[in-house]
Amino acid sequence: MTQVPNRSYRLRELAAELGLNHRGDDSARISGVGTLSRAGPNDASFLANPAYRDELEHTRAAVVVMTAKAAESYAGNALISANPYADWARLIEHLSPPPPHQPGIHASAVVADTAGIAESASIGPQASIGAGARIGERVRIGPGCVIDDEVVIGDDSLVVARVYIGGRARLGQRVIVHPGVVIGADGFGLAMDRGQWRKVPQVGSVRIGDDCEIGANTTIDRGAIDDTVLDDDVRIDNQVQIAHNVTIGAHTAIAGCVGIAGSTRIGRYCMIAGASGIGGHLDICDSVIITAMSTVLDSIDQPGEYGSGIPARPHGRWKRLLVRLGQLDDWARRLKRIEQLNKNNGSAKP
Amino acid sequence: MTQVPNRSYRLRELAAELGLNHRGDDSARISGVGTLSRAGPNDASFLANPAYRDELEHTRAAVVVMTAKAAESYAGNALISANPYADWARLIEHLSPPPPHQPGIHASAVVADTAGIAESASIGPQASIGAGARIGERVRIGPGCVIDDEVVIGDDSLVVARVYIGGRARLGQRVIVHPGVVIGADGFGLAMDRGQWRKVPQVGSVRIGDDCEIGANTTIDRGAIDDTVLDDDVRIDNQVQIAHNVTIGAHTAIAGCVGIAGSTRIGRYCMIAGASGIGGHLDICDSVIITAMSTVLDSIDQPGEYGSGIPARPHGRWKRLLVRLGQLDDWARRLKRIEQLNKNNGSAKP
Amino acid sequence: MTQVPNRSYRLRELAAELGLNHRGDDSARISGVGTLSRAGPNDASFLANPAYRDELEHTRAAVVVMTAKAAESYAGNALISANPYADWARLIEHLSPPPPHQPGIHASAVVADTAGIAESASIGPQASIGAGARIGERVRIGPGCVIDDEVVIGDDSLVVARVYIGGRARLGQRVIVHPGVVIGADGFGLAMDRGQWRKVPQVGSVRIGDDCEIGANTTIDRGAIDDTVLDDDVRIDNQVQIAHNVTIGAHTAIAGCVGIAGSTRIGRYCMIAGASGIGGHLDICDSVIITAMSTVLDSIDQPGEYGSGIPARPHGRWKRLLVRLGQLDDWARRLKRIEQLNKNNGSAKP
């Protein structure tokens, strides 16, 4: 259904390449992928979220990646997986590998004499690479990117297009940076000086570990003095703002539109849901989950789930609730008065 | 007042061209536009919001677009309109048409051999157009844009500057895309696999209907498998984040800084106010209004207004309210105890 | 510790150049800067935030900028300052001056014939400068910037990289614009016209005063008719959205991810903390502080601190609080009933 180009497999071949057990017609032909509801007869599909279980009944998919347990009640072709979503990812990688990489520097790119570009790297149209920058093996720098002076980008990284990286940032290996990202701009450092703001020069840098992914239009500021740091395998969605001197532990994932203020430390294996805001100078321990649109203003030293997002209600009910909130002070007094009265009445009784 | 260049009209000409009735001196000369308070004697102005009614008294405008009813109590020149704000838009289009379009590909642009560019289209400086991309008639691609492989842009669309469009996105006709927009970047698809994140390849695309407008630095991700879809006449403000597989119905307008999580469906004629967050996998029906800074975490199946934004208060009052919120559990117990006591007292009475 | 290149001072020289008193070994050599905890033996450091006071004890810094009072209990070398954070900024400027400026237009830049570029200005690789634009003395326009027609940029301004400025915006002197910023895109002006949105042409401009700083990926829309205005010394962090016809008074600072809706006026010396949203057509007076993640929906006419951000709690407690909020209407009735009962009981008593 979805056009995923250029490879076709028999089910038995695909199962072998992925190292998965399969069930059903092992000569079934698979050349694309689709959701359960839209897959065509040559598409693979998957079932990871039980909410979509009913769609199994009507799917036309050539094969479905699913758990052994789910397969018990499914009559069609199946690839059996202990982790269907992860194996689904591997399956797509097989069916739809990225286009082959063409090393070389596009004629329209501007590369400083002192920049070091690996032979196997590619620099796209209209890109510019600053003095002393180092671009690793098989790195792809896409069209319109600006890689500023002394930036280092590790092997096999992909900088898609129209990205800015400056502040002498160092990126690890296999990092993916999506369009519009800004890494290494100045942090927001200001000193009030006789009625005027004075800019505090930002001289720290940014360090990004291996296997990180940075979503479109996200910003990661350079440190004020020390560095801003993302450890390995940190995954960041679109339009996230990471201020100077934030540090983020390995394997933490941050959804879209989150803002993290300066000098805050986030632990490992945290998950921060969309549009949350995290204050500055906080310490968030490992394995913390922040629910959507929450405001984190205190450090957290216990793993677990935290939040303060309020689900929307019909306008009339919400307006009334706001009125109630305004009355709480009054209620506190009334509650106390009643209790006092009851106590007096009680004690007044014979 | 405001410099709107290059055309001048008599009131009677302008009225005829716009198909509106007019009142007053039909030879009044109009060569610019201004707000009621700042319009000069050759400027047109308008009254759409009754809040600005008092400014009519002192305006120097050559003519004011207004309803017949408003004109009853206005002695100056008027253009009579059933929809003053829409006719005001048409008036500006007449007085200040966009600069004439110069077809052609700028010498500094990089265009792949297999891209198809209409003769009447223009490609600006430093733009790059990928393999197999198709650019329609009279399309304007501004400076620094990156149009990636196989993207399709419909006739009469305007891609202002420094835009990225990829993921094989297809845009309809008369679409306007403002600077910094990223369309078709990978969605945030991750599977946890033995303690590491594994990227789920994003192979869906983006479809954008006719007459859509996308504000500066907004991001619209490509679908994971199926497409992310904006129907016709969807209007999106700046810094909005639209995740993979979101679908938005025709004529829906979304204000700045809104985030919409993956796979959510928004209906037609919805209006979503600024900085609201909408969770994933929800279904929002037609004609829903979400008020500013609300968090939508449940599907909505009834048209109407919804919200959860809390208006700011003076710090002391807000701090006290937060304390009250922390006491609600305690209050629940106290209320119950009082009611129990009253009941016992009541039943204990003779 | 942190590599701040290329100048080295004796303490007495640095004190003289900064006009500060010093204490201790006046021949101490200073060639870099560092935080108290990480400074090496040739680094300067500073103490502005009392929270870091304990770190004084173990610092290896060659000298610490601090108040006279703080110095009383410090045995090491000190630079005495009435405003340590501001003097720290000046110290870094001395130790780490920006790289010398190379005037000239890069061969890959595209400059319209009618643009006026000062001899002392520099235009970077892949930049494009539109017709009638004026670029002042010593201005630096970095790689990939698009300066559209008739934009004016004042002397000594720095436009870092990949910035778009259009809408005939006028920037003052010494303005800093960080990567990804979009200034002068169309505001979000729409009129509903027989079931379709009609775009209201945006013909106002943007005026930005002297000494402003605009953070990465921030957007500032052009006015609808009149201008959007930032007065002098306005400081804006990353990913802030400023809608059409907003005006911001001098010396106001706005942290990351804030959104300000159309036609709102913000006073002088305001501070708006991260991720707050401010509604449209409001009037916020001078010296107002808005705390993080607040929603401002009403005008404010008294200086002071305002907010509505709710600190996150453990999930279980937060869920229970949400339940309590849903019960408030019921509680109101119960409270009233109890009071009525008490009153009746009271009056029923002999």
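In this document, chain identifiers A, B and C correspond to the written order of the chains, with residue numbering beginning at 1 in each.
Criterion: contacts are C-beta pairs under 8 Å (C-beta built on N, C-alpha and C of every residue); 3 or more make two chains touch, one makes a residue touch a chain.
In this text, all values refer to a predicted model and were calculated from it rather than measured experimentally.
Here subunit B and subunit C face each other with different sets of residues for the most part; under half of the interface numbers are shared between them.
Overlaying subunit A on subunit C by C-alpha atoms takes a rotation of 120 degrees, rounded in steps of 5. Subunit B and subunit C have centres, each the mean of its CA atoms, that are 25 Å apart. Annotation for subunit C: residues touching 2 or more other chains are 108, 126, 144, 162, 180, 217, 239, 257, 310-311, 325, 331, 335, 338, 342. Interface residues of subunit C, counted against subunit B in their complex, comprise 108, 110, 126, 128, 144, 146, 148, 162, 164, 166, 180, 182, 185-186, 188-193, 195-201, 203-204, 217, 219, 221, 225-226, 239, 241, 243, 257, 259, 261, 276-277, 279, 281, 289-291, 294-298, 302, 304-308, 310-311, 320-321, 324-325, 327, 331, 334-335, 338, 341-342.
Those residues of subunit A that touch subunit B in the complex are listed here as 2, 4, 33-35, 38, 51, 83, 85-86, 88-90, 92-93, 96, 106, 108, 124-126, 142-144, 160-162, 176, 178-180, 211, 213, 215-217, 233, 235, 237-239, 251, 253, 255-257, 274-275, 292-293, 309-315, 318, 322, 325, 328-329, 331-332, 335, 338-339, 342.
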